[in-house]
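Take a look at this one; I'll ask things after.
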C-alpha cells in the first residue's frame, strides 16, 4: 500500500526526523537495546510516522520508519509498527495540539513510575519545562486503548508534557517530535536530580506563584526571537 | 587439535558472533577490564565456543575464541578457555534448549546478588523479559560443577533467563548467544531501575495474572513477523 | 552594531575560548540539551562574551557567541544572549577579580542546592579547590538582578569559587573562563562523592587548620612553575 | 640533567607505558580534569617514571613524563613531577616488590575513604583481586612522608593492593604499573557495587576460608599459561 503522492515529501521528511531523533534517546542513555520509540503526526492528515517494532538503533534508517493511521493500522512501510503504536495513536486522536510522542523506560523516571509517585516541583528547571509536578498515570496493560487513555486523561489536566505510567515508564508529548524528545530528556534529568536530592532530605517545593511565573516566562522568552523553543538548534 | 572440517564454517561463524557480541557488554558497561564472558553452543554438536581467559576486549579477535567440549575441555584454539567455562558447559549439558550463556559482574545485578535478594517484578519490562521475579542462586566456589549446578537448579523452575549468583554476579541464558546477551543487558537495566525505585519506597508488585499476560504477549507478539525476538536487528 | 576595531582580536579569541570551553560541560555531563552557559570578561573593557540563548552544543560556533555590556545589553552578535546573562553581568560588575562565570544544572550539585544544604569539607579535594564548605545561595527568580546579587553576596564571604543557588543549581567563578569551568567540573565531582559518602554515614570534617593548609598549598604550589593553575594544559 | 645512556631505552619505554596507562583512568572515569597519576619503578635503579603535575590527559605525551629518584627529586624531564610524587617515592623505597603505583579520587572508593570505612569482602571479585577487605589508611597532609608512610603501613599487613586514604582517595600498588592500574579500576568497581548493595541491606561476608581459596586460585590460575595476570592483553 502507498500513500497519496502529494504528501510524499512531508512524510519522507518526517521519516528522517523521527529516525534521527532517536539518537538523543541513545546519547542521553534513555533507552537500551531496542526499547523506546518516537513518533510524529503528519500535519493535516490522520497519519503518524513511528519507529518499527524491535528496530536496532544503530542500524535503522529513515526508510524503516512506518506510517500508520490514527488507529495504529499500517499505511506505508515494510515493517510492523512499534508495539506502542496504539498508545501514540490514541494521543494523536484525542489531543489535536500534540505533534509528537515519545516513550522510554529511562531509569529514574521509571523508578518514580514504579513507586507511583509524582516528581515534585522543587527545581526551577521543572517549573520552566513542566509547569509543576510531573504526574503519574494509571497502571495499564498493553493491547488496547488503556495506555493511551491513561496518558490523555492524566495530561489533559496538567501543564506537564510528561506522564509517569505506573510500573511502566514515561510518555512525553510535544508540539512536534523534537519537543517531545526534549521533554523525554528533561523528565529523566529532573527525575534523577530530585531522586538524589530526596535521598538525603526533603527539598522544599517552589511556591506555586513562582512556578507559574517561571513557566510562563520560559515558554515565552527563552530561545531566539522568531523561533519556538522546539527549534533551538542554531543550524 | 582441530575439529572435523564439515562444521568449520559453523564454528568460524560462531567465533565471529561470540567475539562481536562482547561489544554489547562494554557498550552497556556491564564489564570492566577482562571480566565477563559470552559463549554459544555449536548446534547439533557437543561443543561450545567461548572467550579465552583474561582476554582484552579491545584487542581480542574472532580467532582468539576457543572451542571446548561440554565438559570444558579445549578442542580447538590457541588460548586457555575462560575460567568460567565449566559453568557454561554444565548449563549446555543440562539445558538442551539453551544456545547461549553470558556471565558478567554488572554493578546493580551484582548488588542484588550480594544481598541474596531476588529482583521483584515491579516493572512491565521485567514481566515482558523475565516473566516474574529474577531469582537468586546459591553461593558456589569456582573450580568444579557447583556454579553450573546452581544456575541450572535455579533456572529450571523459573521463566527467568537470568539468575543472580550469591556474592558473585548474574548469569543469563538464551536461545542463542545474542538472546543471552540481551538478557544480560536487560537484567542490569531492571536491577538498576528497581534499586533506585526501592531507595525511596516500596514499588507495588504487578499482579501475577498481569505478569503472565505481559510475558506471553511479549514472547509471541513483539518484533517483526517471521523473526524471533533474538533477531530483532533489522539488517 | 559592531565593537571598536582595536579589540576585535581579543574578542574573537574569547569567542573561540568560550565556545570551546563548553565541550567540558558536555564531556563531564554537566549539562543536557541546551542548558548551561560559560562567559568570559573582556579584560579592561566593560564587556563580556557569552553563549547565546538555547544554542545547541554540537552545532554552535565561535561566531555564535555574543558580546554584551555588563548590564546584559547585546553589543555584538546575531543571536539573543543566554537567559542567564543578567546574572553573569552582575557578577562582573561587582567582582572585578572575576574573569569567567559558568552556570550548569549538574545533577549532584543541583541536588544539594535543592535541599539548600552546603557541601561539607570532608575531602582534601574540596579543601584544595574550594578552601572550605561550598555555600548555598538564596532562592531567586530569573528576570532581574536577584540571581546575580545572590551569587555575589554568597561568594564574597567565602573562599569558594562555587555557590549552590537554592532550587536551581551551581554557579562558579574564576580568574578566567577556564578556571570557572574547572570549578564547575570540580563542584559536581565533589558533590557526587560527598553525596555517596553521606548515603551510608557521616564522613568527618577535615580540621579547619588542615583545610587552610591544603588550600594555600594547592593555590600556590600545584601545577607547573610560571603557570597559573588555570593554564595547566601542557600544550 | 640527563640519565646515563645504558637505561635510556628502558626509561623511554616506561614513559610510553606510564603515559598510555592513564587512558584507563579516563576510560573508566576514575579521574577528572588533571587529577590522578600513574608511576612505574625503573627496574634495578633507584628511579621512577611519573606523570608531571597538572598535566592534561588529552594532550600529554610520553616525553612529558618525568624521571625522579626515590626521594622525589627530578632527574630527567622538562616539567615538575606530580604533587603526589613523594608518596609514590616512599612506597618504592619501602616496598621493593612494588613496580607501579596509582592514585585517583575515583568516586565510590573516595566515598568509602571519606567515611573511613573498609570495603568488606562480600563479592568473589574482591576475594579474587584483593584477598579480603580493602583497608583504610590514616588521614595525612600532603608535603612530607605522611601519605607514603600511611600507605605502606596499611598495605604491608594486608593482601590488598589498594588502600583508601581517609578524606582523600585510593592508592593502589602492583607488580608493575599496569597491575596497579588494574587495581585502581577494580577498587572503584567493587567500591561501587558494595555501596549499592549496602544501600538496601547488609550483604553477608564471604567465609574467610573461601576468601583465601578464591584469592590463591585467582592469583595462580587465571589468565593464560606463561603470562602473569598483569599481562593479560592478548596482543
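Order of writing sets the labels: A, B, C and D. Residues in every chain begin at 1.
One rule holds in what follows: a contact is a pair of C-beta atoms (placed from the backbone, for glycine too) under 8 Å apart; a residue touches a chain by one contact, two chains touch by 3 or more.
In UniProt terms the chains read A, B, C, D = L-ribulose-5-phosphate 4-epimerase.
None of these values were measured; they are calculated from a predicted model.
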item	value
Both-way neighbours, i.e. chains that touch chain C and touch chain B	A, D
Farthest chain (mean CA position) relative to chain C	B
Same-site or different-site touching of chain C by its copy chain D, using the half cut	different
Angle of the C-alpha superposing rotation, chain A to chain D, to the nearest 5 degrees	180
Centre-of-Cα separation between chain D and chain A, whole angstrom	45
Inter-chain centre distance, chain A versus chain C - centres from mean C-alpha coordinates, in Å	32
Interface hub residues of chain A, defined as touching at least two other chains	199
Pairs of chains, among all present, that meet the touch criterion	A-B, A-C, B-D, C-D
Parts of chain C lying in touch with chain A, wherever the complex brings them together	32-35, 52-56, 59-60, 64, 79-80, 83, 105, 107-108, 110-112, 114-117, 139, 141-143, 167-169, 195, 198-199
Parts of chain B lying in touch with chain A, wherever the complex brings them together	28, 122-125, 182, 185-186, 189, 192-194, 196-197, 199-204, 206, 210, 213-214, 217, 221-225, 227, 229, 232-235
